[in-house]
Amino acid sequence: MQDSLQSTYKQLEQKSKYTNIFLRWFLYFILILFASYFIFPLYVMIVTSLKTMEEIRQGTLLTWPSALNFDSWAVAWGGRGYGAGDTFLKPYFWNSIKMVVPAVFFSTFIGAMAGYVLTKWRFKGDKWVFLFLLFGCFIPYQAILLPMARTLGVLGISNSVIGLVLVHTVYGIPFTTLFFRNFYVSIPTELVKAARIDGAGFFKIFFKILLPISAPIIVVTVIWQFTQIWNDFLFGSTFSFGEAAPIQVALNNMVLSSTSVKEYNVDMASAIIAGIPTLIVYVLAGKYFIRGLTSGAVKG
Amino acid sequence: MKTLKIKELSKNFGTTEVLRKINLEIDEGNFLVLLGPSGCGKSTLLNIIAGLETINEGNVFIDDYNVSKVEPKDRNIAMVFQSYALYPSMNVRENMIFGLKQAKTSKEKIEEQLEKVSKFLQVDQLLERKPSQLSGGQRQRVAIGRALVREPRIFLFDEPLSNLDAKLRVEMRREIKKLHQQLKTTVVYVTHDQTEAMSLGTNIAIMNHGVIQQNDTPENIYNKPSNTFVADFIGSPSMNLIKGNLKENSGDIFFVASGSNLEVPIKDYDFKDKSNLNNKEVFFGIRPEHIFFKKLHETYFEITLRADLSEYIGHEQIVTFDYANQEVLAKFSSTIKIELAKEIRLYFDLTQASLFDAQTQERI
Amino acid sequence: MLKWLEKNLPKIVMAPAVGLIGWFVYGFILWTLYISFTNSKILPKYELWGFGQYSKLWASRKWLISVDNLLIFTALFLIFCIVIGILLAIFLDQKIRAEGLLRTIYLYPMALSFIVTGTAWKWILNPTLGIQKLVVDWGFENFTFDWLVNREMAIYTIVIAGVWQSAGFVMALFLAGLRSVEDEIIKAAKIDGASLFTVYWKILLPMMRPVFFTSFVILVHISIKSYDLIVALTQGGPGISTTMPALYMTQTAFHKSQVGLSAASAMMMFMAVAAVIIPYLYSELRRENAR
């Protein structure tokens, strides 16, 4: 009886071994299938941007370019050198940088201070204040577009980078506050109490004690804000046009402009240029990017 | 036939050796406690018995069948976890019968088992509740119930009481003891708490660095620790280990502490090996509770030591003495008045003393 | 005075954030609400006009089409994102080699803007040179794939691109959820003899209810607000067949100069979002308070 039991065990083992091997292959097959779905557009973008229009018409999406041809990248970035109607990304890329840097800085700073007060200097009704701010994460911006356009007009900063900095700073505050509040909640309040007993004041505690240990959340917040603002199209297209436009708006205009024959290679090169900064951030700091996504998940 | 037998078992995670050539046997109906500090490999050993962890070398036998490569569900075991591991989305009933359902047990049998066990553990009123609606003790009961309904050959417990508060822990400990007495099941129980181990186990295996240091009855573990690790690990405060040398003088053997001239006679000590004892470097081990303030027995050895410190802990006090610049702790009733910084006459119960080789740390 | 300042410093520091949000979020929403009850055209007028704009809105064929589109898009977007996301999360949870690399691949679209995504997919879906040509080249000579310019099908191209962008995100949420489950629960299930399928279906997925809820809220939110992707992919066309509320709102406001009507459509969007978000916030808050 012992032997028969041992052999049943053996059979069970064998059987589960084969089903396991089959399942594993199936698993990898599906995973790779989806990986190709996700990688496919990026591949197409890159190959297309390196082809000439002639090659594009003759080959298919997947065909490899005959030579590494960066002409369309040059055109996308710097234009062809003739005057009117020659749109290219370079000036708009700088617009975006000029918009992103201050907007990220201000919104992060305001959010950090707000998060600090909401967790370490609690006052009556602070929960409601937090909720009040948090709600700003969820509103559809269509509900504020009209008055914002008028306000920027009144302030004389419509169609300017400064106007966009203001818009992005304001609508970033709910998110940055959320990030910092959730981070500071997990830091023991004893730390602040100890510092107060040692005679440190409101600002000293913030700058000398909390800020130095806030590196991870600052990284998360900065990456989140950078990605959001860089990728924004709604505000950019509504509040700016022509020379003050950020890169996403310029990209869209380039692709849509129907002045001459469609140049798909230039389109793809432009799209890559517009996407590269956020992609680089994603590849370098993916962990923080994902952390921001899952905690600031509320936005689109 | 041994209910559980482990032969030459080794396990490593990458390059770290977690278990080294473990050998262990348990008879039917015994309660084996695996005791040791965290990281000693006791939980890994339990997981290997359960089949949740693979083996690098050696084998596990249940009822003399080699189950080393058998799936956990086919090993006829049940396990109770530290976090209880109740399925949060199922109510108590579903939690308890989940295993039977997976094993395609008949409906009547399931109902019968459920009724029997839930009555026995007094959870029959809670069957429709979700785990989140239960108290810690109730969750513990359900977790035990989930193991019981399967009527396994061996119960495995992985630190089941460490998530409970101190009072509840003592209560549940007694219940587990009762359970074992009534059901006479075979149990392997992992803990880092020596009181739990002492009170529950019929056998205790003390582990450290992936090696079993001593596998014995609780009495032997306490009275005859097989090395300094066990001596130090068991008891609170732990055994005094006084460094010194053995002296042989015309057939009689004495212990002399380093830095002292006092000869402590070692009579009727059960040496493993009587040869080469003269001048051997040893640790002389005596438990704080075997040092007395009064000569209660003829054989007690009188010694005078200076009292340095007294810690009051309620019904008892722990007094620290100086023995030739080595600390010696003793436990007295707190009614005794001890004058500090004074030489005080004390009595060692030498029948309870242990001797360890200073080099190998082993009992001699 | 100094004492008062010191005592109220935290509140003073808080004031800019609260003031800005109060004005730019709440104030503006109220303004939009007010305008939606007026007969404003290019410039806002402030005499009340009742529900006129709302009845005009719901009588507009374009608005009805855009609501229809939104419903179709939201349903498909939700189903595909959640199914693919869960599937990938469960598969990745099986001690997969190169898990990090695969995760990076599944999630990178999230780092791209919808404009970039739309531009790329517009080219891929190009009816002459895109996928159609690829498949024809493979030997299927009669294959046509013209969804992008087909009134009936164009909305599905937006689903394809949208799912491509967001499915990885759902995967990340579920993977994080699965990884946070205590090891001992899975061990207990193994000892109970549950198959891998049963472990996920009966134990782990029911435990993921909060993750489902979160994903649902986020995806609905994304879909109600979707604007960039449509602009880049179809501009609402062919004709008006892929218009959605967000696009309707901006077009009515800035191209047609019907400010009042556009405000009404914005308020409809606002209410739709609120209907999803308020229960969500409420349950989140309750969970936090319960802790």
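Going by the order they are written in, the chains are A, B and C; count residues from 1 in each one.
The rule we apply is simple: a residue touches a chain if its C-beta (ideal position, glycine included) is under 8 Å from a C-beta of that chain, and two chains touch if they have at least 3 such contacts.
What you see is a predicted model, and the numbers here were worked out from it, not measured in a lab.
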* To do: Would you identify the chain whose Cα-based centre sits farthest away from the centre of subunit C?
  => B
* Asked: Between what two chains do the most C-beta pairs come into contact?
  -> A-C
* Between subunit A and subunit C, tell me the centre distance in angstrom, where each centre is the average of that chain's C-alpha atoms. => 15
* **Euclidean distance of C-alpha centroids - subunit B vs subunit C, Å** => 57
* Structure fact -> Check: subunit B positions touching at least 2 other chains come out as 71, 74
* Touching subunit A in the complex: which residues of subunit C? -> 6, 9-11, 13-14, 16-18, 20-22, 24-25, 27-29, 31-32, 35, 44, 84, 87-88, 91-92, 94, 96, 102, 104-117, 119-124, 126, 129-131, 133-134, 137, 164, 168-169, 172-173, 176, 214, 217-218, 221-222, 224-228, 231-232, 235, 245-246, 249-250, 253-254, 259, 262-263, 265-267, 269-270, 272-274, 277, 281, 285
* Asked: Quick one: in the complex, what on subunit A touches subunit C?
  -> 27-28, 30-31, 34-35, 37-42, 44-45, 48, 56-57, 60-62, 110-111, 113-114, 116-118, 121, 123, 129, 131-136, 138-148, 150, 170-171, 173-174, 177, 201-202, 227, 230-234, 237-238, 248, 251-252, 255-256, 264, 267-268, 270-272, 274-275, 278-279, 281-283, 286, 289-290, 293-294, 297-300
* Any idea which subunit B residues touch subunit C in the complex? -> 47, 50-52, 71-74, 77-79, 81-83, 85-90, 98-99, 102-103, 146, 158
* Asked: Which residues of subunit C touch subunit B in their complex?
  -> 182, 184-185, 187-195, 198, 202-203, 206-207, 209
